[in-house]
Structures are given as structure tokens and as C-alpha cells.
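The same chain A turns up in both complexes below, where it pairs with chain B and then with chain C.
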Partner chain A sequence: MSAPVPLLVARCRALPGSAAGKHSLELGRVGESAARVDGIPKTTGEFAYSSDLAAAGMLWGHTVRSRHAHARIRGIEISEAVGMPGVHAVLTHDDVPGEKRYGLEFPDQPVLAIDRVRYFGEAVALVAAEHPEQARRAAAKITVDYEPLEPVVDPERATEQEPLHPDRPTAGHGYLDDPRPNVIRSMVVRHGDPDALGDVSVEGVYEVGIQDQAFLGPESGLAVPDGEGGIDIYVATQWLHVDRDQVAPCLALEPEQVRIHLAGVGGAFGGREDLSMQIHGAMLALHTGRPVKIVYGREESFTGHVHRHPARIWAEHRAALDGRLVAVRMRILLDGGAYASSSTAVVANACAFACGPYRVDNALIESTCVYSNNPPCGAMRGFGAVQTCFAHEAQMDKLAAVLDIDPVELRLLNALEPGDVLPTGQTLTGSFPVAEVIRRAAALDPPEPEELPRDPLRLPGGSGNTTHGQGVRRGIGFAAGFKNICYSEGFDDSCAARVRLFAGGAGELQAEVHCAGAEVGQGVTNVILQVARTELGIESVVLAPASTADVGSAGSASASRMTWMAAGAVQLACRAALEERERTGVDVDVERVYRHPRTWPLDPETGQITGGPAHVSFACAAMKVVAEVDVELGLTRLVWIGTAQDVGKAVNPQAVYGQIEGGTAQGIGLALMEEIQTRGGLITNASFTDYLIPTTLDVPPIVAELVEDPEPDGPYGLKGVGEPPTVVSTAAVLSALRAATGRELARVPVRPDEIVGL
Partner chain B sequence: MDVLTPRSLDEALRLKTEHPDAVPIAGGTDLMVALNFDRERPGVILNLGEVPELRGWSRDDGLLRIGAGLTYAEAMAEPLRSLLPALAEASRTVGSPQIRNRGTLGGNLGTASPAGDSLPPLLVEDAEVEVASLGGSRRIALHEFLVGPKQNALAPEELIVAVLVRPSGAPQTFMKVGPRNAMVIAVCSLAVAVDRERGELRAAFGSAGPVPLLVIAPLAEADGFPALVASAASPIDDVRGTAAYRRHALRVLAVRGLERCLAA
Partner chain C sequence: MPEPVSEQTISVEINGETYEQEVEARKLLVHFIRDVVDLTGTHVGCDTGNCGACTVLMDGKTIKSCMLLAIQADGATITTVEGLAAGGELTPLQRAFSASHALQCGYCTPGMLLSAAYLLEQNPHPSEEEIRRGIQGNICRCTGYVNIVEAIKSVAEGGGA
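What follows is the complex of A and B.
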């Protein structure tokens, strides 16, 4: 294996993923708040993101994308583009050296469209040129002869329309065999007697729009040929080794010939689990023999990654007069878009968390995800649990109203606790303090309403100056939710870490840690260093760049698992290194692989556990939201949020608070404004002018309580923390809006029209 | 793409005559977005940032002459703020502090978007636009200057030099509706003034028709004025909002605007 080609990395002081990023700041140990190692460079603008990479002799790649949601390709004419100034390569599907398709779960997505495009923005051809403008101009000269086809855009109808993937790439994977066209996965969870009747019943139909991860750093990276037929790819990603395992077959290379190196990540939130420029950049680089950089524009980025699945959910909750839940029945329809991505796991999550963190003896949950010609959907923070939490919490509020029981009391009455059985048949073990987070969040006191007159910035409509108090109603909402931590359903999940112990110049012990865990902004770099310092009892620890070149897979920075898995692996490797050094007395270099407790698949017919638990662990959160709503204009100002979250053990409390604030902001976005809009499958708002994300005026002060009830299976008792705030916040905001307006508000993001009743 | 940077108004006008297709740039808050999104690739850009005659503002016998290069941040500062309060309020609704430091009134007029935030308050104040070419200058009433969505009355060799306005002193306000509490393009907006001297209720809306439009009624007809404003609009459904909501919101804004101005 050859060493990676050295890079000219501009303005870099602390770039995870580059040699310049070796960290040795004073960072504290497990349980102490430690300043982010990349905090200052990111704040001052000195941090090098993947879009800042450069190499000598570098070319710029550009991707030609479909302007149709569904069309047959009759031909691609590239001859004019090939002759354009500065152009070194123009490639199409014919030039893909190996496998023509890839995918996280099924290889159903063409590297470059072959005979059909299935979504707006699908990659069709590639150009490499000396200058990005030359690449764009050449791309504009590529003529794709399309025959537009009727797009499948209504998920309700998709199961009756022509199959978009006639060869059914999803068949035979051990899921429920669903012969309907365009089904990616359907799943049923049948528990107890789903027909059991309660004294009361509430129903609702809920809808969730398409949310985007809206990371600020667009997809970008640099592919560098190694001169021996292999390739080094420097890219912002979430899972280096699975990138490699998807890239190598498409390039017809051995996995060792493809080395993925983590470049500076400008946000991920699930949107970087799927490949973006990796294969494309590598194809261009191998073809030209020169480094090739690709940076997506903002509009392109909206088509360059998967989104959160939009959902339609029908729910019925039956309860006894005393408030006990008797049965929950729910149907969940998810639109997966053109390619499967991680949709099958989203289906399972939507089912598994459909009832919320409540004891339900009888349930019938059905969840289906379909293919369509809408934008492809996959992983996004909360992963199926966000959509169902919005529905089950609206249902719990309805039930509380019908039964005339305080909404918090109703939730406490039904709160799950260890020993209870989930609708999948899994018995809860370990830590799961649902009642505690509900009590702690409920006990937080919101501030008194502010006096009028006020600065309009402190009223709904904010800087728009739309009210001086007219039409403003205050509402307080509450929600609770939960989600799994780590991968599930029998996935063989692991994380490797390598620790080198050696004597420094003055004879003092020093350590270097290798781990391919992706720093996506969540702070795993700090976690790794804190664990190593704690285990080794020394200060001088450096973290090597994350790469597939010199350490095994860390798994994905997903499913709130990275802190758990990296801490487990680093702990294991540190202990082994100390032991070996003690035994041998020389410098040591050991690698260890950590695995969390095993899980088992769910029964494809009943959705019940088989052989053992389907999930490793769960984390819950509860949130209280105070909103002021201008009910005449339909505008909202969130005043205050109080939340309590089950974190097991906070490794870096400051970072945990940061995750809670950021995750809550993302849930606020889904509640109030974030939606990818489409017409006939075409995205109509692919910009930050029209895809709005919350500003500082839209995110109120957040008071967070950390509930530390150690998870027996988690390293140091920790649980992941990234997703629960996003799961509950959308539901909690909507609860507050309903309290303020008296309206049902069954769709997110809420439109002003719905608040004013148009 | 060439960038021409004149150092005086005369030089700017000469360059505009030589390059009638040159696209003027002041703060760049519209044009740079278009360039970044690859929507425009002008052959020549005329950079007006170094033309001193376009900067600042002056007052002559009650008539304000506001240079086209006046930024939103400058429009928010005293004493201009007291002279044209609705324009200051509108300027506060524009983008972020960075955008308000860069964006100019001249740029807002040049772009002539139905959503241009400075346009409704200037309409309410009967502003005129001073445009110039090598052949001389002319004044165009703002409502005649705005001829369609992103279309204005400027001839190819002309540049926007100033905005002329005689402050009415009437109580006035500006309101803008957006689904986010800052940094939004208007879903719809409304400037309102109650001009007792003229005996008029005056309102101008944005983002509710092809151009921002001025609506006038006698002082005594306050009760019917919100409905009049709403019916004067011709909004559409788009990614930012529905026509029905825009009409509804204009009515609410007109009620509130009148309430504010009548109380003042």
C-alpha cells in the first residue's frame, strides 16, 4: 500500500483528516466539559473544510444532472464538450470501470444514469477541466436526449403504478415479501390483541414534509490517483469504510486500492451516509491521471444527498377512562424517492417507535416505504422516529383532552420502564428513565409572559414588525419521545481503534490514537481524546487523521452511536496497549475491535423479536415549549424551551448541551419552516433563499437537564445524545402551537395558512 | 467577464454608453447570488462602488436627494430614520446585518423585484427616481419606474443616480410577513401612512402583484381601507405562500398599520 499523496491544505490548523490536524490540546477526561479542539479554527474561519482542499495539478470536476424527474435516455452526445477549452475528460455510464450501481443497502443506484433517470438532479455525465467555469461550460454542451416519462409522485398511488425498478432489487433480503410494485420495504408489528377496545378512542391523520439536512458545507472532495492504479479520496463523509466498500467495486479496484480520508465536514446529519462525489471524482482522477476536485453548488447540494422521508401517518389510540393506553393502531407511509438508500431501516424505526415511550399491550403498526420519482430519501437525524413522534404525541394530547387528564400526567401514567415489553416483544433492560425525564422537563418553569409594548424582535413576525401584540396568543406544549441507540436488527456492528504507546523525548509516555470515526461536528474527536487520557492516565495524546488506510472500520457517525462505539473501542485498545507495554516493556501498537451487545432480526411476518433483542439500547427525552402565535397572521415566536434528556453519562457535558440545542433547532425547523417543495418531482426551492432554516430569532433559550442514569452496556454508562432532541422538538413545538391556536395542525412544517384557518 | 470600475459619475455614464449591456453592481446582494447560482453570466459588470456621487444623501428646501448607493444600514440611521420612518423599518427587515451593510436602495430599484423591501415605503412617500445618461438626467415617478416583475423603466445607457423624496411627516409604518422571524423574502409586505395634511390613507404592498402598488383612499374611509388594499392586490401561489394567504395577510396588516398610524 502506498502512502497518501501529500496535500497542499490551505489555511489549516486543526483539520480532522489531515496530518495538520493532530490534536494535543488540554482537553480533560471523561465527564469533564472540554473545549472543542476545532472550535477556534471553525469560529475564526481557519478550519479547512473538504471544499478548501487543493493539490498541485488539480482539475475540477462537474456533474451533469437530470432536469427531469423521470425520463428515458435515448442518447448522450458529448463530442462538443470534449473539444471545449481546458477539458480533460467527459465521462458517462459507459466509462464506469466496474459495477454500474451502488447503494447502502441494495445496489440500485447507477453511478451515472444508464437508460433512465428517476429523479430531478440524478447524475448523468461528468466533466473534468482546468477551471471550474470551463467544466461548467463544457457540461452545458453535453446534450442528453430525454424522452420524458410520467413521474410517480404520489406515494399512495405508487404501489399501483409501473415499477421504477422492475428487477426488484429489494427482493430476497429477508423482509416481508410484498409483491406490490415500488415497495422498498413494508413491515407489520402485531402485538397482543390489536382489536382490543378501550373506553375512548382518538384518531388522526398526520403528514410530514420533506426535510433537508441543510448542512452548510456542500458535498465536496478531492480524488488523487496514487500512480499505481489506486486512489486516495479526501471527502466529507460519515462512514469511511462503507464508502470504500461501495466505491471500490464500481472502480473495479480492490478495497485496499481505495483509501478514503476524512476531510473537514461542514455538517452531516445523515446526509453524508450515501455517496456523493466519491466515485465520480475517482473516475475522473483515474481517467486523467490528475487530482480532481469536485465541489457542489448550493442548488446542486439540494439534489446531491438524500432527505428525511416525508410521511403520511394514520393513527388510532384507544385508552381506558383512567388514561391507560389499551391499543395503538397506526399506518405509516413513507416516500423513499428514486433509490433505496437506507429506507429499509427507516421503515423499521418508524414501526419500532410508533407508540412512543409508553406501555402498550396491544398494537398493530404497519409501515411501508415506496419508490417514487420524488427526491431520494434516506438517513436524517431521528431516522423514522421524528415522523412517528410527531404523530404519537399529537395523539397523546388528543387523548388527554378527551379524558380530561393533564397531558403530563397521562404520559407519566403510561411511561415505559425497565422490565416492560415493547410492541416488538423486546423486554426493556438497562437504563430507560422515561418517567424521570418527563418529571424533570415538566418541573422546569418557563418565564412569565413579557410585558407589552416590546421590541418587535421579541414578538411573532420578528424583524418583520408585523405586530405590536395584536393577535398574539401564548401556548405551552409538551412532548416525550425515544429512539434506539446504535444499529439494530442483527446488524454486525463494530468499531476499531488503534493505540500506539511510546516514550517521548524526555522518556515520558505518549500515545497516538487511530480511529476512523467521522468527526461530523458532533465532537467525537474530543470524546476519543478524553477516553484515551482517562484510560492511559497521561496528557500527551494525539489523534491521527481518520482514514481507511491504517485502521479498521469505525462504523458510521449515525444512529447516535459514534460516541458509544468510539469510546468502547478506544477504551479497549488503550487497556490492551497498557497491558502489552507492561508485559513487554517496549513501545506498542495495538488495534482492537469493539462490538456492542448483539441484536437479532425481527420476524418478517409479525415484527416480533427472534432469538433476542432487536435494539441495543434506547434514549428518551421530554420537552416543554412556550410559544407565542400571532393567530391572525399565522406567525410564531418560540419563547422558551425546557428539556430533560436521558444521556446515560455525559462524556463532555458542554458538547451534550450543544447537541441538545442543535438538535432542537433542527426539530424547530421541521415544525415551522423547513420543507423541500416539489412539483411533478422537481424541486422548486433549492436555495437558502427559499428553503428556510431557523435563525437565532427563531430558536429560543433552551434550558436542558441531563438525566444521568448509567447504561450498563455503554462504555462509562454513556448513551448517544444526538437524535433524541430532534425526535421530540418538532412534536413539542406543535403541541405548543395547538395550545395557542386551538387548531389541529396535523401537518409539518406548519403553514401560516393552517394557523389562520384558510 | 470584465469588471469596470469608474471613479466618477461621468466616467460611469460614459462606460454605460460604451457598454449598454454592462450589468451594474453596487452591494452585489442580488447579482452575486445570480452569479453564484450560475443564473447570469454578464459579459461586463459595471462596479458602481467607487462612484462618490452615488454615496450619501442631501436635503435642499425639504427635498431629500438620496444617493443610489445608500445602504439599508444608512437608511436606518438618524436623521434619515426620523425623516422616512417606514423606509427605516423596511430596511431593518432586509436580510442580515452584513446584507444591510452592502445592499443599496439603487440596487433594490434596479432589480425591481415585486418583493423589493424599500419600494412600498418609497411609493407611499411619492418618491421619484433620478436616472442619468451622458445625454442628461430625468426624473421618473416610482410607480412609473416599476413596470413589471424585475423590469424597470431604465434605458440601456442609463444608470440610477438618486431617489428624490419630500418627506410627508405623516405617521407611517412598514410590515413584512415571512415564515421566519428574520432574513426572509417577503411573502407579502405593506407600508401604510395616514397623511392628514393631504387627507389621505396611503398604503403600498409588496409581493402581492407584479409590481409593488400604491393604494390611496380618503381619510374618512378607514373602515373599508383594509378590504380595498386586499382587493387591489393580484397575488399568486408560489413556493413562499398562497394567493389566499397573501390577500388575507394584507387585510390584517392594513388594519394594524392604520391602527398604529391613527394612534400616532
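What follows is the complex of A and C.
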């Protein structure tokens, strides 16, 4: 069945994909810096984001959300709303046609709340009306009779409180059997002799606040009934096929009756892995028989989607006098919020990367994620490794101080290399140049300290202009970190690509590529086209808009996997297409599925590998940061950042630099300013006025070096590049602040009162 | 005191075309531009005046169009991103943003381009510091700003927005 794309009648602009682009561009081959294929439509305003779509006869949907963190629902009164002007539908959980619950890994989240709400912002009812304002007014007339319940808000106490999900949705999936209430997953990694003693030991308790992905384009989409009981959903998402597989059962439809099409995505960073408007929009559209558009505002975006898991981490590092790590012990507590989302995988990542890119023969790592009535958490760039990197790098700085060893030397001395064994028992193979990235980042020269007095905008606090910089201290920090590339722990991961080879008007060979890999801004469109041109040896290649209608799953644009997987799939399909055309001499259309090397689950009791590696590949990064702190004002200014990253092979180097710079900025945000604040589970800062994001004045110049050491298992030797900069930058900024202040600074984001008054 | 009005007819020139239209008094300028005039290149990122995605030029100055009512633009001349390449020819800033990866998702790009155009008109040869100040009201969540600053610098050095 093919998709009725013409719906975009009213506003047929350039959809993601390259076919609609009318400006021709020089696009390079693999390894060449090439301009973005969507660059021009994005600078002219032609590029259609999910919020820009429209269709004839379209209604506007609105979602009624809970204002309680935890409450029983005694009843929902909709009759007044139904009679409001312009209103076509008011729906509650009773109207969900199929399965009442969905979820990325476990169906524990109601499409619309049934008998209780478990978080502030949980969807309770839906309205569709002629005008968005009519929908909003009708929504205000829906009365939900709530009986407030005591919210579970302290993750430390959650394991002793009433279970939020008495049916334990994550039990029986092969994880460690942990009978405590509200445990989503707990995991232990035990390696060597965790009781081994060193000559010295350092200890710390670290805390990470809740970070938001804060992609700039809030959630939105358009659902269009196909007139035959099925539905087309145009939406900004990260994984089209898994959206479809969650949506279809809730609508009581076959997967083929639900077609997900990628609309323009205004950033993602993990926050679009979970569903937003997909089922809601489809329910309203199928109910009314009209297209329905839903656009979230910023407040709804903050309250409606998952965030980065906040964490509390206790760590103890033992080392020999010469600096060698002897043993690491760590306990990690993550707050998953009301529903599981991808929490189980975050737990595993936090465990797997707890020790950093260092040789640790003896380790005991425990990681637990609990349900609570705090904001729900799931995927965000760095996925479990960000939290632990902040902790292990603080510990390495402490060790360096105790041992009086240069922090960079200490890291070099312990740097992992191929052949070493990770705490999970996996032997490192392939490319893993930890010492090289550390050396390269350490060798970057920061600028000389600036004189005083100076332009107030070059002082911490900037335009406040309250001091002349008397209280300014400068510090240089350093950090290294690593993370897995691709999915892990036995997940059967794949990516499909389809290539049509045909003779053009003048007989010349042309190609059309289909791949459902989501372009979220990272540049996978370019990757696909560069690979196709390289493999086919022709210039005339177009990429069709991504859709579930005409190609198999590409998997998710997450886990730094999309470039690897899409390149693998397109390479495979191109080679097969050429071969078949060679053999048959006619136009061909072939689809191929690419799989990366297989992985195996970890032992639920010991966290050790079973049967084979748990991870496909790893990428590392190191970063040097220069910061200035005004210890009278408690304010910070980052002066300069230098970083080196292990990328395997850069497919489009300019895009890789962009990923490093952007990923670094998000880590700066977590270090200095970004935190979702809550009171009793209620979010108190759901706006860009109160949730701060780094601006041009907060992000310093960034010097990045690419370390290209080809990964034998990766197509063309490449690795993913999106996450390592975010993993390492929060830790590196904190290291610089510690150097400037001499304080421990064990919590991010750092608050002014923690660096004031030295 | 005059009675409050709920609708008002306004006349606004956008990208060289005049739109005379009855609008609800409560309608924001950004929604007028997007939903009534159907120019969706002007984006909404926050609706609280923080992100700059909705930046347009009004009577030659940058404004955040989510911070004004449509009726406040009565009689004004507005340029949106669609008006930059009015003659079909991309501006040097548009070319530089596209060529040097000064965008990823591109959601911030229209607002960023208008702020950059205004900056270069006021100050054709800004220092890096002045560029950063000129676009501090525009948030980009994807790029870390490095390539955006570079793109603007390259246009300034090349002499003209």
C-alpha cells in the first residue's frame, strides 16, 4: 500500500528527504565535507516542520492533562465540553479502541489515564474542534474529579512505599529479581575482587538534576484518516516503525493500516523516542473522520515528554600509590518517574560506563531505577553515561589530588586499550583510542588569561556589570568519557534500505533510495546520499521521504547508531542493486536489511557477559575546559573548550564537528543552568523563562579534533558521534570549576551559592 | 471609555505584499503570520519571548512576533524569512548558513537569519564578540553556535548580508 502524500496540498513544501529540494547542491562522497542537502530549504522557510502541516477540513486537537502528580480519578464529566461551539469530539480512556496502554519497552502507560494519574501532565482527555482556541476552551470545561494521593517523590524512599504499578510490568524480562516496591530494574556488575584494597581511597556522593531535551520545535503532528479505517500520521519522531507498532494495537488496527511519515523535526535528543500526539491525534481523526492536527506549546512539551534521569551516585575509588586503579565501587540511584519508558536500558548503561574509559580489574557497581510520581524520564543524549561520567571524573580528579599526580597523567596511566577487559567481562576489540584522545585534547592550547579591567560582557555575569572582576578566578579542567555505539544487551537491531536503479531520460543511471532513518537535524540524510553516491558511482541520487509505507524499519535515531546503521543498510542495498542490474540488465528495486554484530544479554546476577559481547562498539572523548568564576557573585563564564573525539571515520567531517559542538553545549547546560524543578512532583519551571538554555554568550569557542581510527565492524570504519561530547562536557566543565574554586561541587547544575564566598 | 473590540481590521505589509484582514484582537502576530497569511517559515519555539524562533523584522527592526498582537502591527512593514530571497536569489547569509552547517534541525534558522541580517545592517563589520551579542536573543539547541558565528563572520568579511 502506498501513502497518500498529496494531503499536504495546502502547503506542499519541501518534506524531509531530498526529492523535493529544487536547489541543486554539490554533495560529496563518504569522507568529504558536504553542504547539508536540507540546508537551503531550511534557510528559506520552505522546509515543512510537523507544526507547519495542514490539510483540507482539518480540526485542531487538544490534550487535557493532569494538574496532580498522583491522584485517583473518581469521574470525568465531559457533557458541557461536548456542547461547546466548534467541538467535534471529546474522548477519554473509554474511547481508546484497542489496547489501553503502550510503552517503548513495556506497555505500562495508559493512552489516557484510566483510574489514576501518576504524574503532573499525564494525558486524561482529548478534544477536537474547528479552531485551536475552541478546543482549548472546551478542554477547560472538562471536569475531572480527582482524589489527591500522597505522591512518591523521594527515590530513596520509593522502594518502601506503596507500589505505583502493583502488577510490576518490568518483572519477568530476565532482569535481576528485585522484589522491592517501585523498582523498575536493578542491576549489579561484580568483577574481580571488589574488596581489593589500594594504598589510597577517595569517596564522594554526587547528584544530577533533571535535564530536559528542550528541542526547539515542540511536539506536533497531523493525523489523516484514509477513508478505509486506516490512518496516516505525519509527525516529528525518532523511530517511525516502533511508533507504528505502539500506535496500531491501541487503535485496534493492523500495523499496515497505520502509516507513519516523518515530518520536519525541530530537534530530538531522545525526547521524541516516546510517543507524543500519535495515538491521540489518530483517535480524534478516526472518531471524526477529519484530519486532526495537534501542536504542543512549550509548557505542554516540558510536562508531556520524558526527561534525562536525575541521579544520586555514591562512589569509592581505590588506587595504588603509583596511580593505578585497584577497585571501584559505585551505587547509582535513578528516578524513572511514573512510567518505564527506556529506563531499563538507562540502568544498564549507567552500570556499564560507571568506571569511565579506565582499566578497572575489581568492581562492584549497583544501579537501580525506581518508579515515582516525579516527571517521567527516558532517553536523552548520553543515556545513563552522562550521569556516571560526572561522578567518575570527579573521583579521578580527587584521586589525582590525593596522589599528587597530574590529572591528565592519571587518566593516561589508566586508559583502556584494545585487549583490556571491561568490568562486564567484555574484552575490548576493534578501535578504542582512549590514550590518543586524552593526549590530543591535553595538547590543545587554551588562550592566555585576559587582563582586567575589561569589557563587562567578558566577565562572569556579563551584562550585569556589577563588579570590575576583582573576584574572578580562573580554572582549567579536564575529563574523559566513553559510551556504547548502537543498541546493546542482545537487542536484535537492524536497519532496512531500498534502492531503485533506473535509466533516466537520457539513458543515464539514476537512483532513488528509501530508508526510514529519522533526520532529526543530525544530518543522516546527507550520510545516506553520500553512501549511495559512493557505492553507485553516480551523482543522480534522491532520497524519498521517510515513511513506514514503503520500506522496513531503520531502527531509532538514537544510541549514536543512525549513521552506522543507515550507512550499513544503504551500502548493502546499493551493492545488491548494482549486482542485480548487472545480472538482469533491467531497472531494479531491491531492499536489504543490515544488522551489526550480534550482542548478548548480561548475566542478571553478576552483570557479566554471557555467550558474547554485550556491546557492539564504544566511542571515547576527552575535553579541556577553561572557566572563570566570580566568587563574589557566584557566576561563571566559560572561556574556551578544546576537545578530541574518537569518531572511527568521519563520513561528513563538517557535520561531525557540528555534532561535537552542539553536544558539548548541551553538557554545558546541565553543568551550569539546566534543571527541571519540582515541588511535590509538580514541575514549577515549565518555560524557557525559568528553564535556562545556553545562549551564544554561554557557549565559548570550541576547538575540536577528530581522531580517526577506523572501527573494523563499522561501515567505512565509522562510529557514531552524537553522544560522546555530551557525556564528557558536563564532567569537564565541573572539573574546571573545581580547579577555579577548590570546592567539591558534587551536584549539577552548579548553583551560584555553591561557588560564592571563597 | 471605548468598548473593548474583539475584532479589528488591520493592514500589514509582509514581504512586499499588503494584507488587509479582520483579525481577533487576541491573536498574536506570529499566529497571524503563520495561520492567516500562511507563511510558516516563522516558527514558535516558546511563546514566552525567550527563544527568538519567531523573530521577524518590523519596520526594519527585529522583534519577537510572539510578543506582539497582530493588531499592534497595523500599518507596519514586516519581513519574514520568506522575504529574504525575495527575488529568488538567496542572500549571502542564507548561502553561508546552508554551506557552513550553521544549522542542524533548522528550527532556529529563520529567526537567527533575521537577527543576523539586522546586526550586519547596523554593524557591517562586527567582531566575534559583537556577533555573539547580536544573536544572544536567539536560542539554538543543536549547533552550539560555533558554525552560526562563523557563517555570520564569513558574510561580514565578504562584505554584505
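Criterion: the second predicted complex is superposed on the first by the 734 of 758 C-alpha atoms of A that agree within 3 Å, B and C clash if a C-alpha of one lies under 4 Å from a C-alpha of the other, contacts with A are read in each partner's own complex, and residues count from 1 in each chain.
Heads up, the rule we're going with is that a residue touches a chain if its C-beta (ideal position, glycine included) is under 8 Å from a C-beta of that chain, and two chains touch if they have at least 3 such contacts.
All values reported here derive from a predicted model rather than from experimental measurement.
*Asks:* One more residue to check, A:L758. First (chain B), second (chain C), both or neither?
*Replies:* A:L758 sits against chain B, while chain C stays out of touch.
*Asks:* With both complexes superposed on chain A, which partner does A:R598 reach: first (chain B), second (chain C), both or neither?
*Replies:* neither
*Asks:* Would you sort A:R454 into first (chain B), second (chain C), both or neither based on which partner it touches?
*Replies:* Touch status of A:R454: no partner.
*Asks:* So, does A:E661 touch the first partner chain B, the second partner chain C, both, or neither?
*Replies:* Only chain C; A:E661 stays clear of chain B.
*Asks:* Output check: A:T689 vs chain B and chain C. Expected answer is one of first, second, both, neither. What do you get?
*Replies:* After superposition on chain A, A:T689 lies in contact with both partners, chain B and chain C.
*Asks:* Going by the touch definition up top, name the partner, chain B or chain C, that contacts more of chain A.
*Replies:* Here the partner covering more residues of chain A is C.
*Asks:* Examine A:L697 and indicate which partner it touches, taking first as chain B and second as chain C; both and neither are also allowed.
*Replies:* Once the two structures are laid over each other on A, A:L697 reaches both partners.
*Asks:* Per the contact definition in the header, classify A:M673: touching chain B only (first), chain C only (second), both, or neither.
*Replies:* first
*Asks:* Where on chain A do the contacts from chain B and from chain C line up?
*Replies:* Looking at chain A, the two contact sets intersect at 297-298, 457, 687, 689, 695-697.
*Asks:* Can you tell me which positions in chain A touch chain C when the two form their complex?
*Replies:* These residues of chain A touch chain C: 10-11, 13, 35-36, 38-40, 42-49, 51-52, 214-218, 264-269, 297-298, 455, 457-458, 520-523, 654-655, 657-658, 660-666, 687-689, 693, 695-697, 699, 701-702.
*Asks:* Spell out the residues on chain C that touch chain A in their complex, using ranges where they run on.
*Replies:* These residues of chain C touch chain A: 34, 38-51, 53, 80-82, 84-85, 90, 93-95, 97-101, 103-110, 113, 128-129, 131-133, 135-149.
*Asks:* What part of chain B is in contact with chain A in the complex they form?
*Replies:* 33, 36-38, 89, 92-93, 173-185, 187, 189, 239-242, 244-245, 248-249, 252-253, 256, 259-260
*Asks:* Report the residues of chain A in contact with chain B in the complex, numbered from low to high.
*Replies:* 136, 297-299, 457, 460-468, 470-471, 632-635, 637, 672-673, 677, 684-685, 687, 689-690, 692, 694-698, 749, 751-753, 756, 758
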